[in-house]
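Below are two complexes that have subunit A in common, paired first with subunit B and then with subunit C.
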Partner chain A sequence: MKKLAISILVLAFVTAALAQTTVRIMGYGGEDPRIVARLLDEVIGDDLAEQGITVQYEPLEGDYNAALTNALSAGTAADLFYIPAETAPGIIASGKVLPLDDLVDSGPFITSLVDTYTIDNQLYGIAKDFNTLAIHYNKDLFDEAAVEYPNENDDWDSFANKLRGVAALDDDVYGACFPAEFARFGAFAFAAGWQPFDAAGNTDLLDERFVEAFSYYTDLVKEGVAVQPSDLGEGWTGGCFATDNVGVAIEGAWILGFLRDAAPNLQFGTTFMPIGPSGERGNFLYTVAWGINADTANRDAAVAVLKALTSTDTQQFVLENGLAIPSRTALADNPFFAEGTVESEANRIVFEGAASGNVIGFQFGKVGTDWMAPINNALTAVMTGQQDVNAALSAAQNEIDALIERANR
Partner chain B sequence: MARALSSSAKPNWISQQQFNRWQARRLWARAGLTYAVMLAFAIIFLGPILFATISSVRTDPTAYPPTLNIPQLSPRNWAAAARLGRAGANNRWWGGFAPGADVPFEIIYFVPEGQEPELPEPVVPRRRPGAGLGSVLAIDYAADYATITPVKEIERKTGRFVVRDEELSGQFVTYAFRILYEGDGPEINRLPLDITAPRRQSYARSTLSLSRLERRGRVASYDNVAPGVLGYVLYNYRRTFSEARSITTERSLFLNWVSNSFIIGFAKVLTTLLFASMAGYALARLSFPGKNLIFILILFAQMIPGQVIFISNYLVLRDGIFSLSRLWGQTTLLNSLTGVILSGLVGAGAVFIMKQFFESIPREIEEAAMIDGASQWQRYWNVVLPMARPALGALTILTFQGAWNDFFWPFVVLTTPEDIKTLPIGLLTFRNVYGGTGDWGIILAGAVMSALPIVILFIVFQKYFLEGVSFGGTKG
Partner chain C sequence: MFQYTQFAFSHRRKVVTVRIRRQEITAAYLFLAPFLITLLIFFVYATVRAVIFSFSNYNLFNLDPNYSGEDPFRWVGLLNYLNLFKEELFLIALRNSIIFAFIVTSVQTFGALVMAAALNTKIRGLDFFRAAYYMPSITSSVVITLIFMWMYQRRGVFNYLSTQLLSYLPLIAVFFAILLIAQLLQVFIERRRGLPAGWFDPALFVVSFLLALAGTWLLNISGVIVPREIVPVDFIWLQTRQEVPAAFPTFLRAAVPLIAIMIQNIFTTIPTFMLMFLAALQDVPKSQYEAASLDGASPVQQFFYITIPAVQPVTFLVITLGLIGTLQMFDQVAIFGSAVPLRSVITLAFFVYNRMFPGAQTPEVGFAAAAAIFLAALTLLVVLIQRRFIRSEAQ
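Here is the complex of A and B:
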């Protein structure tokens, strides 16, 4: 009897040892390895260990999309990997991503995020976190100019007038910092009711709603109310904002960490994007999802890891440590958002931005991020006065048509 | 140059004196031109490096417009930093904030005529690192342990000061306070400080230069008011070591990267010197069937760029060189230094340089050794190799530099964990972490440090380098 018990024990031990699976996950380099390590240490590691799963994070430095494409085609891709929204259609079209419909319940996640990773009615990724744009304003400048702070009821006109008020303060003070990038300007086009792609998958830059938004954005720069970051010797809006000479920056929650280092005393507030002519706000959804390798040998373990990495506990930890904004709707009531600090308030507005108005994923079909180039060029040309709006947009339209045609070929 | 001048003949129609003067002028013109060209080259090549080095100590290296008036390079601040570091943690070099600290601080404001000076409000803020690896780590905050004594006005002096492009008369008012660490607690390496004053009161000077003026002149903000000299000047350098730490071992990643680069560099230098000289000697001196074919193959191998064959090399390493690596217990050579070293034991170019060099050594020397009864190995090891020192010196520096700066191949082979990377790939990690938020100081500091070994190597080996290259290049 004793012998039997021992042999059963031994057998159980051996199977447990055999059942130990290593799930490899691939993601960005930089801070992410450290964040995942903290997650494994402090939140999900024990649970996974009980299931016999060890997780190994493999950061891909440099150009993530190039590195992931290489890994997928060489067959060395991990069981789980990041899928950035902007390149998701291309990665998913390769057939290397496992559909998740039957494996994961997407119900608890924010709908627009689920939509971003739903292609042909199949779900391919669960967003790990996200960001949207918000208005960050310098309270000192608005106080000095005796202008009311921007607020959630602003429409385009009242917003522009407030910026004009701030810009009137001094020669080297500007109302806002507007980069010549679709990645920021696009939110205005969406607020005008414009959609990047029609049903046939084409882009219309000569649509009157797009032209209206384009003129609004570029006119403010030409008028001297808004300024391009490069004109202040800065690389991006955040740098502009940190100089104390710019009233408003339109950025996501990523600006918070930057300001902590570059301008720790800047007194700023955050509010929603202004309401556009369509009666709605416009916004981008920047996100990265976890997807599962279709060729994985450890499908069950990979699903378990994916669930752990997008679990409520994980997202709560990430949120409360100020590292990212959760993709689960249930976390809207997290006490962190109600803390009342400047940063928690900014995070709340970015979180709620996902459900307010015309929110469109930072995604450009199979064309990928190249799709933005013609629009960015047109923005630069008009802002610097090299071309007028019509000429710039007609040129951009031709280029974008060519890009779309090439991608669909 | 002198020889060239004396050989130019004097025409008959000018006097000897005129000719001499003309010759002297020409000499000076040539010397001037040569120096001008050399100076221009030096500025073009060294300027960016110098500027990067200087910028790497600044709080915001990309601040525009660029300036050479850098607080970190002013002796006044060095002295203050040392004094404050001593007051903070009894450490004049690296500073800090330790129990028992008593840090005195003074700040001078300019108050225009007709305005009444007001006491500024100092605060030790709870400043959490915002971006980069530092933001993910949990740290102790000086704010939790510091107390500030009440601010006292200690001096008023009249004078003139430029405020927003306008010179005004008024008075300079000096305020003083102390920051204390009472009771027990951890030693904290940074003591940030914010001093707020009304906007009409302009900041003029303080014990230590401020890091930045914020809120349109209202807040004088300091990243660390107890830095110590080195902590003040080399803050970004210190961060490269202290912030990036291995997830598993908590060791400094930057140190790991540096040592990996050194290991690979030294190993490659040793194997290259040995194998290239042996192969070069064989190709230059021995006669055996197929010698020319082998030489042509080596030349051919040199012509193929690494990018063409890296996939096959990658697969060979993945399988541990046809499972050979299992002999010493490695199933794959990916993500191991052994893999990088084994795949670069010797380069075709090195063999070529050594062959050319050995051919330039007179055969008679070896024949003499042969008569003395030297064996083949002795002739190589005791006679020819010592004569090849210039070529070996050049090879050392070229190989080490190549290995040290190599980016592509280690980037392909060494992907995970972070600890295994070499310095150039590590710098890419830094760029990804810090570049996105414009924190260039730490990246510049890392880049400057990665350039140092090569600079030192060049200085030490420059004699060999010049000799060796001229040997390798001209005796074809």
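Here is the complex of A and C:
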């Protein structure tokens, strides 16, 4: 009898060990390994273990796109991996991403996020979270300048006037930090009603709406009201804002975690992007999705992990830890947003920003991120007074035409 | 019988020699094996594959039997090589690489030789200077690039120092004017007295220097000469597409950010080559310099007529290594990355990487491989041309 019990026990152990599937997942380096480890520990690890699944996170440091492309080609890519929106067309075109239409229900997720990963009517990724841009303002500077805080009713003119009020405080104080990057400036172009691509897939930088936004953005810098982060010796707007000499930063919710560490005493508030000449706000939708390797040997386990990583519980955890904004529509009424703290308020505005006005995904079709380079160069040239708007945009138009033509070849 | 024995003996000796020789050869190959195997795998195999891919439209994925994308694998012959010359960015990269290699190699070779000659003299604290000058070469290239990027900022160290220099220019000019006048006067007086005073006589120079310092200070505190109020220098080193010299045709111009990288690259490579020159200089007999100075040769003449010919073989080595290194310039350009316009600084090696991992497009491996093969051929060609001008033997 005893022998039988032991053999049964041994058999049970062996089957358990055999049934244990390891699912490898790949994502960014930096902070992400720590976050995923906590997520596995505190939220989804136990459930997955019951299903006999162990999850192993493999961060790709450095150039994620290059590393993932190599791994996919060499057959060493993980079962699940991040697909950033801006490089999604290239990653999906490799044919190494499994279509998810029959495996995962995309219904509960925000439509625009689902659209970002839908190519030729097939869904290739489930957005794990997203971000949009918002106005973060330094309350102390606005108080000191006796200027009303930016609010959701601001249009471009009233917004610019408030920035001028703050910039008038001192020579070293600026109204806002404007980097020479389409990744931020684009939101203004969208607020003017401009679209990055027309029906034929071409880009028109000489469109009057684009020129208007371009002039608005660069004029504020030339006027000395806004400043480029590099001119304050900072690498990005967040660092610029943390110097306490800048009234406004236009960034996503990712700035919150940074400010918590870099400027814990900075009193700030958050509001929506200003309303542009089109009568609408403009905004970007930045997102990263989980996709499944088409060559995975553990398809069922991979799907289970993907579902767990995009589950309501996971998203609640990610939201409450101030990491990102959930991609499920059901979390819109989350009590966390109504907590009334500075951070929860900022998160609510970033969340609602996705549904307010002309919101366009941070994605540039087949051309990819190279598409932004001519515009970035033009922004720099005008902001530093090396070229006028027309000359800079004509040059950029030629370069962007060449890029698009090349990508379509 | 005797003859037979002798034959057998000599035959055995031959067998033994052959065996020893064979063992020696085997041992040699065994010692070479670790290097040969790495060379075979990572160099020969990789090169052969690159050459093969350069005749195809391989994109990392279209060799997969399940590939269903829009660009199935096919051989394209020389099309990739022809397309290189239709691509504007490639032509810009070619120009940038050649200008970069030419200027950096010339300046660093000359700079390294001058520095080595200076450090080959017997001065106090020589070890300190040798170590200090070698620092840039042992510091990580990434770290140096980051520091330089910070110094090149619009409000960085370079612009700050330029502003200070321009602002204090009147004082500096006055200082040098007094120095010059004092020195000339003193030498003149000494010579009138019939004493042999050189134009750079150190003792007189110290007096002139102190005089100039005191004079400038007096003029400054009395308010006669004061620093100028000037607009701070706002030279844009990095975020610019400006090309200089503007008077030159496009294919001979260098973009300002590329010049910034050249300065940095020269700064980091001079010490390495300085070390090679220093080693060569130790072998130059002191007697030659002594003989030359007895014959009345000035230090400058000694440098040009003794030092330079004596280190000819090392010069050849330094120029060859310099050309190869600069033509393959990649890391510093990659780290400057998005801080500078791509077109201003793209080099051939970076072009290869850029086509291999473009924004969100499928990698163009075939095209990138063609560019890489072209770069290898170009490097070889340039080194061969260089050999015709600088001989590798001492004169």
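One rule holds for everything that comes next: the second predicted complex is superposed on the first by the 392 of 409 C-alpha atoms of A that agree within 3 Å, B and C clash if a C-alpha of one lies under 4 Å from a C-alpha of the other, contacts with A are read in each partner's own complex, and residues count from 1 in each chain.
As a convention for this text, a residue touches a chain if its C-beta (ideal position, glycine included) is under 8 Å from a C-beta of that chain, and two chains touch if they have at least 3 such contacts.
This one's a predicted model, so the numbers in the text were calculated from it and none came from an experiment.
Student: Record, for the superposition on subunit A, whether partners subunit B and subunit C clash or fit.
Tutor: clash
Student: With both complexes superposed on chain A, which partner does A:G257 reach: first (subunit B), second (subunit C), both or neither?
Tutor: first
Student: By the touch definition at the top of the document, which applies to A:N265: first (subunit B), second (subunit C), both, or neither?
Tutor: first
Student: Examine A:K96 and indicate which partner it touches, taking first as subunit B and second as subunit C; both and neither are also allowed.
Tutor: second
Student: With both complexes superposed on chain A, which partner does A:A180 reach: first (subunit B), second (subunit C), both or neither?
Tutor: second
Student: Mind working out whether A:D231 is in touch with subunit B, subunit C, both or neither, as first, second, both or neither?
Tutor: second
Student: Touch check for A:A88: first (subunit B), second (subunit C), both, or neither?
Tutor: It touches subunit C, and subunit B stays clear.
Student: Touching A:T380, do we find subunit B (first), subunit C (second), both, or neither?
Tutor: After superposing on A, A:T380 lies in contact with subunit C but is clear of subunit B.
Student: By the touch definition at the top of the document, which applies to A:S73: first (subunit B), second (subunit C), both, or neither?
Tutor: Second partner only.
Student: Looking at A:E61 after the superposition, I want to know if it touches subunit B, subunit C, both of them or none. Which is it: first, second, both, neither?
Tutor: First partner only.
Student: From the superposed pair, tell me which subunit A residues show up as contacts to subunit B and also as contacts to subunit C.
Tutor: Residues 232-233 of subunit A touch both subunit B and subunit C.
Student: Spell out the part of subunit A that touches subunit B in their complex, as residue ranges.
Tutor: Residue list for subunit A touching subunit B: 28-31, 33-35, 37-38, 56-62, 74, 140-141, 144, 232-236, 238-239, 244, 254, 256-267, 323.
Student: Quick check on the complex: what are the subunit C residues that touch subunit A?
Tutor: Residue list for subunit C touching subunit A: 60-61, 64, 66-70, 88, 150, 153-156, 236, 239-242, 338-339, 341-343, 356-363.
Student: Could you pull out which subunit B residues touch subunit A in their complex?
Tutor: 60, 62, 64-65, 125, 127-133, 135-137, 192, 194, 196, 212, 214-216, 218-219, 221, 247, 311, 411, 415-418, 425, 428-429, 432-433, 436-439
Student: In the complex of these two chains, what residues of subunit A are touching subunit C?
Tutor: Result: residues 63, 65-66, 69-70, 72-73, 86-91, 93-96, 180, 230-233, 294, 363-364, 366-371, 373, 376-377, 380-381, 384, 386, 402, 407 of subunit A touch subunit C.
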